[in-house]
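Below, each structure is written out as structure tokens.
Each of the next two complexes has chain A plus one other chain: chain B in the first, chain C in the second.
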Partner chain A sequence: MSYALRRLVHSFFVLWAIVTILFLMFRLMPGNPLAAYINEQLTEEDQRLIMVQFGLDRPLYEQYLIYIANLFQGNLGMSFFRREPVWDVLKSALPNTLILTISGLVMAYVFGVLAGAWLATKRGTLAEGVIVPIALATRAAPEFWIGMILLTIFAFTLGWFPAGGANSPGATYASEWSRIFSFDFLLHITLPALTLALYLQGLPLLLMRSTMLEILHEEFITMSKIKGLSPWRITLHHAARNALLPVVTAFALGLGATLGGNVVVETVFSWPGLGRVLVSAVSQSDYPLAQGAFFLISLVLITLNFFVDLVYGLLDPRVSHG
Partner chain B sequence: MANPAVLGRTAARSRSVFREGAARILRDPFSVAGLSIYLVLILIAIFADQLMTHDPTQILFRPNGRVANNQPPGGAFLLGTTNLGRDIYSQLVAGSRNALMVGLAAAISVAAIGTLIGLLSGYFGGKIDAFLMRLSDVALAIPFLPFVIVLSGFFRANTWNVVIAVALLLWPNTARVIRAQVLTVKERAYVEAARVTGASDMRILFTHVAPNILPLTFLYGSVAIGWAILTEAAVSFVGFGDPSRMSWGYMLQDAFVSQALSRGSWNWFLPPGICIILVVVAGFFLARGAEEVLFPKLRS
Partner chain C sequence: MTSLVSRRRLLLTLTSAAALSSTMLTNQALAQGAGDPIRKIILITDTQGAVPQAFQAAQLIAQAWRQLGLEVEARPMARQAQTDLVWFNRDKWDTTMWRMVGRPERSDPDEMTFNLFHSSTAPRGFNFVGYNSPEYDKVAEQQRQTVDPTARKALVKQAQEIVSRDTPYAFLVHPTTLQAFNQNVFDSASIVVQKGVGIRNFWTFIGATPKGSQKAIIINSGTALQAIHPLYIAGAPDSWINELIWDRLVRIGPDGLPRPWAAESFKFVDDKTVDVTIRGDMKFHDGKPVTIEDVIFSYEAPLTTDKSPMFKPFVTDIDRIEKTGDRSMRIHLKRVNAAFATTALGRVFIVPKHVWEPHLKSVEGKPDTLEAIRDPINVGSGPFKQVRARLNEEVVLERHAEHWAAPKMERVILRVIPNAEAVVGMVRSGEINLLSEYGGDPDVLEKLAKDNPAIKLTQVTDVGIEFMAFNNRRPPFDDAVFRNALSAAIDRNILVQAAWSGYAVPSVSHVSPAIDFWYAADVKAPPTGINLAKEMLQKAGYVVEGGRLRYPAGKKEALQPPG
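Take a look at the complex of A and B:
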């Protein structure tokens, strides 16, 4: 229990640090933060009023306290460009990003772990000689480039899948859930999720393979062989179980890269998620929206990391009782 | 005052470690492949001006006076042309310079910051260690690509911003491994001997401890090359790249927004991606070879 509490305190500390960096970063940006908001027709007096309205006339530490207080109340401010609350913009993008990330991760790790375990039993065969370099190459490829290749083959040449978006234009749904479980949504998510999965599967596959190779030499495996257990049973029940721990670690360490990498995948497939909101906010100099999107991405990341830490503590008692 | 005999022995030891390591790296086919790719990249970057057949940004014309847009590979245009009649092969060659520069600058800064912090953290311990490790926790928790995009989007679009962002966020991995290594090295007898002879902390740190962790620095530096090139490509792709510089990421963005995908212009968007893969893979291969030298237990 004290382990969970320690991790929670740590998560809050990291969140506070990121929020502070975020605040300073956006205040240190060159130019007036209102440059994009104020148009030329406004008089000096109007501009001053807007500065007051956004609290930009106060000392920096007061702005910081107001900013923190607003965050606690879930108030992320108003988007300069879209003239609506930042939270409303983010709220509609968040589910799309979460679903995309989770389906990509699940596909990648299920496939990677199984294929890696299987590959460990094929040491020195042709399969190893072909699959290992391919796995390495997908890890080294730019994520968006994998997306471009899939898009060209499956959307433009074969026409099996739509080229972008999360739903067909004009479609209406009774609720968010009915939208997400529609066949149309499934068609749209296939290529971006596959891109993410292709990019991510290399790490669990290679890691699982190398840890399995180490474990297969250990004495308890020899013992199981002497006991006459089937090779399949030895691989899955005895070796794979012990090889999973480094994979969970890699999963946790990779979360940040995954969530961040979404930005480019969402751009390739015009996927209406947080990453695209961030990119368009930055290119429109929409400071509050960019700040909000960055904050939410960080928050999701910290939350996921917290849960992974807990699972890790359960899998390896040495961690939680250390 | 350090004992010259101890010093001499340490120097000889680290020199032989290096020579043995270099020999082993050259015996590993993966490392040789990685080194060869780097060598080719460096040569192409140096002789880019001689290798280019056209000006990579110039709009080219056919003999009949019409713009040579969307030309297939072959003939005067080795890899064909873009939708605006620019030579793809020459862009690819010009992009190698950017890749080399970004990769090297990022690798050097990540390795330098990571090594310095790892050394200080591991050697001094206590409050310094606690502070630096909390700092690394925070750096690791920041979503990487969004941070780079915000930084290069709001400040002037500039290749150096990508390098700075990569250095700011990637040092913790290096620092942590080096810290762990320093913790074991500083307990060794020769460090103890140096301390007994009255060597200062700084002297012990930089003449006795640092040489033993340098191979790790190279290992993490070579991985950072790939990360920096991938990051620069991603930033260029979402449109915040340096407009004054030809890069492989810019080429991919150009192809994407110019509908090269729906036209099926494979000759445009395939080559830059393959170049990026080769350079990043080279880093992986070299790291793999270096790992086997550093951690002989892994050798099978």
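Take a look at the complex of A and C:
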């Protein structure tokens, strides 16, 4: 229990450090939010009023204290340009991003784990010689390139899938859930999720393969073979279970990292998600919105990291917290 | 593909021509002695990723200026950093690529004529280059005060002549807007081309007639919206939607000139008094009638309170408004403003008083403004009403059947599509049927139209301008001869071909040929050429010594290149 508590305090400290860096980073960047307001009729007085409205006329430390105090109350502030609470803006983009990220990751990890485990048993064969380079190549290829290729083939040429967006133009649904579970949504998410999966599958595949290779040489595997168990049973039940540990960590961290790193896929497929909100907020110097988006991503990442640390001990008793 | 090849060939010819003439005038007239060598000039440009055309043009311009003996560094900057330097540090830069984008209200030349070059806007406003000419100021003020169009036209022309002579900017091009629509969806005859704006305009939205079963106009925007709000000014796509939901007294017609809209008529009784009569058959989307009280409220909210700061500038010329009848009002102006119909009557949206008066009360005595108020469903009296708005994704509007000019199409759907290549695919598949903006390669679009006869491309010259701004405050750019010579060294036709792939027209002044009523066609572009530029410099006493251009005799270099 004391371990969990220590980890929790540690996580809070990390979060505070991130929040502070975020706060300073945006204010030290060249440019200020007024630049997006340039207007031939904007007088000096108007400019001053905008700064007052945004709270940017106050000294930096005061802005910082207000920011931290608000954060503790769960208030991420108001977006400078959309004049809406930051949380409302993020809330509308979050479901799309979560669903895209999770579908992509799950596809990548299910395929990667199975293919990695299988490949480990095919050491030195032709299959290894062909599949490993392909996995490496898709992992190394830029996401936008994979995305454009998929678009060109499946949307522009074959016309099987739409070229972008999360729903057909003007489609109406009774609720957010019926939208997400509609066939139309499935059609729209297929290509972006596939792009993400192709990009992400390399890590679990190679990680699984190399961990499996190590484990397959361990004594308990030899023991299982002597016991006369089938090779399939040995691979899945004995070796793969043990090889999964590092993959679980990679999955959890991957979820956090991909959440904010979806900008490219979201842009290529015009997917209305968090990544695009983030990019436009940064380019407009919409400090509260950009900070809020980064904060949310950090929060997810740190939380997942925390739980993985805890779960790790349960999955593998050898990991001690002494 | 063809234009790509020709672009490369042009670039080649340009660089080889550079070598030829570089030493021609170097050795003449050096004996009298010369001033200091001119410092390295920093030419700021947008990054290649952000505005590839401007980036390419900047490279070509830098190349041309080097042939004059200048040391030039073309320095790409991110938009934020560029704005911060150029706008907020006005004495710290030399030259920069800059642009004024086209907007319907810029169809009146006042904004470009007055704001860009009047000396009063130099310290903080739009005259960021610091151009200062009492002669020009006078003409700019006069055109604003001359209500008679013919007399005003002569003054606007005079302004164009002075600007063309003094070259506060090197005007480069007016870009061409490339758009497209699907002829299987719309009756081609019902698509209206608005001067300087193109086919994505108010008149198309209400006039477009369906040909088949598709009853929705589906348009695209590369950027997300920020706010659908009658008192908030955000990006371009926001304004496309706003002007469909809320009506205005006056709208800019396809000819670029203001015409009565919600106002049945408006009349200047004298230079400072305007009588307005509104239509009697207007209804808000919630069914309530539009009254003269609503209209007066819409103008008084920004005028008499500080709760609508973004719209305040449009009404600053108004002294007071009096109701003169059930459907009429009289506007008294503080000063004469010839552009009043466009810049005030054509800007302010009519909002329902029964919705916004309570909002106004709710922010009284607080630092908040009306701009922060969000109505879940916006109520206007325009030809379309809001159904749904997901600002990162799509906005859906449907026709307001009770509008006196009800649209023929059932819906307008705006899709936010940041990927320019995907947009082409969507035009082909029908996911978009009216391409309202396009940032990709024009050749790709041309090929699409060639392969699909249903897709019709349209082109209009923009009201906007691309230019090279000289910092008129800093030597040597404070010398009009120097600015003229630098401008003369730029071949606009090469820029059009090599940087804008043919999708632009050379620019002479701040008034675009798109607004032909105000454009002075006989203000011709001054002749250009490297040798001509050299002669101009030489006549003014600038000399080239050891390959470096120097100031005229006795002039010292007091400045360092910007850091």
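The criterion applied here is as follows: the second predicted complex is superposed on the first by the 288 of 322 C-alpha atoms of A that agree within 3 Å, B and C clash if a C-alpha of one lies under 4 Å from a C-alpha of the other, contacts with A are read in each partner's own complex, and residues count from 1 in each chain.
FYI, a residue touches a chain if its C-beta (ideal position, glycine included) is under 8 Å from a C-beta of that chain, and two chains touch if they have at least 3 such contacts.
For clarity, every value in this text was computed on a predicted model and none was experimentally measured.
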| item | value |
| --- | --- |
| Which of chain B and chain C A:Leu216 touches, first, second, both or neither | neither |
| Touching partner for A:Val268 - first (chain B), second (chain C), both, neither | both |
| Contacts of A:Ala117 with chain B and chain C, given as first, second, both or neither | neither |
| Which of chain B and chain C A:Ser92 touches, first, second, both or neither | second |
| Contacts of A:Leu49 with chain B and chain C, given as first, second, both or neither | second |
| Contacts of A:Phe156 with chain B and chain C, given as first, second, both or neither | both |
| Contacts of A:Gly164 with chain B and chain C, given as first, second, both or neither | second |
| First (chain B), second (chain C), both or neither touched by A:Met148 | both |
| Which superposed partner A:Ser298 touches (first chain B, second chain C, both, neither) | first |
| Overlapping contact positions on chain A, where the chain C interface meets the chain B interface | 29-30, 148, 151, 156, 163, 267-268, 283, 285 |
| Interfacial residue positions of chain A with respect to chain C in the complex | 29-32, 34-35, 38-44, 46-47, 49-50, 52-53, 78, 81-84, 92-93, 148, 151, 155-156, 159, 162-170, 172, 267-270, 272-273, 276-277, 280, 283, 285 |
| Touch list for chain B against partner chain A, complex | 134, 137-138, 140-147, 149-151, 153-156, 226, 230, 233-234, 237-240, 249, 252, 255-256, 261-262, 264, 266, 269-270, 272-273, 276-277, 280-281, 284, 300 |
| For the chain A and chain B complex, residues of the former touching the latter | 10, 13-14, 17-18, 21, 25-26, 29-30, 136-137, 139-145, 148-149, 151-152, 156-157, 163, 213, 256-257, 259-261, 263-264, 267-268, 275, 278-279, 282-283, 285, 290, 293-294, 297-298, 301-302, 305 |
| Chain A partner contacts - residues on chain C that touch it in the complex | 78-81, 83-84, 87-88, 111, 115-116, 121, 124-126, 216, 218, 223-224, 226-227, 229, 232-234, 309, 313-314, 367, 369, 371-372, 374, 388, 390-394, 396, 411, 413, 415-419, 421-422, 425-426, 428-429, 431-432 |
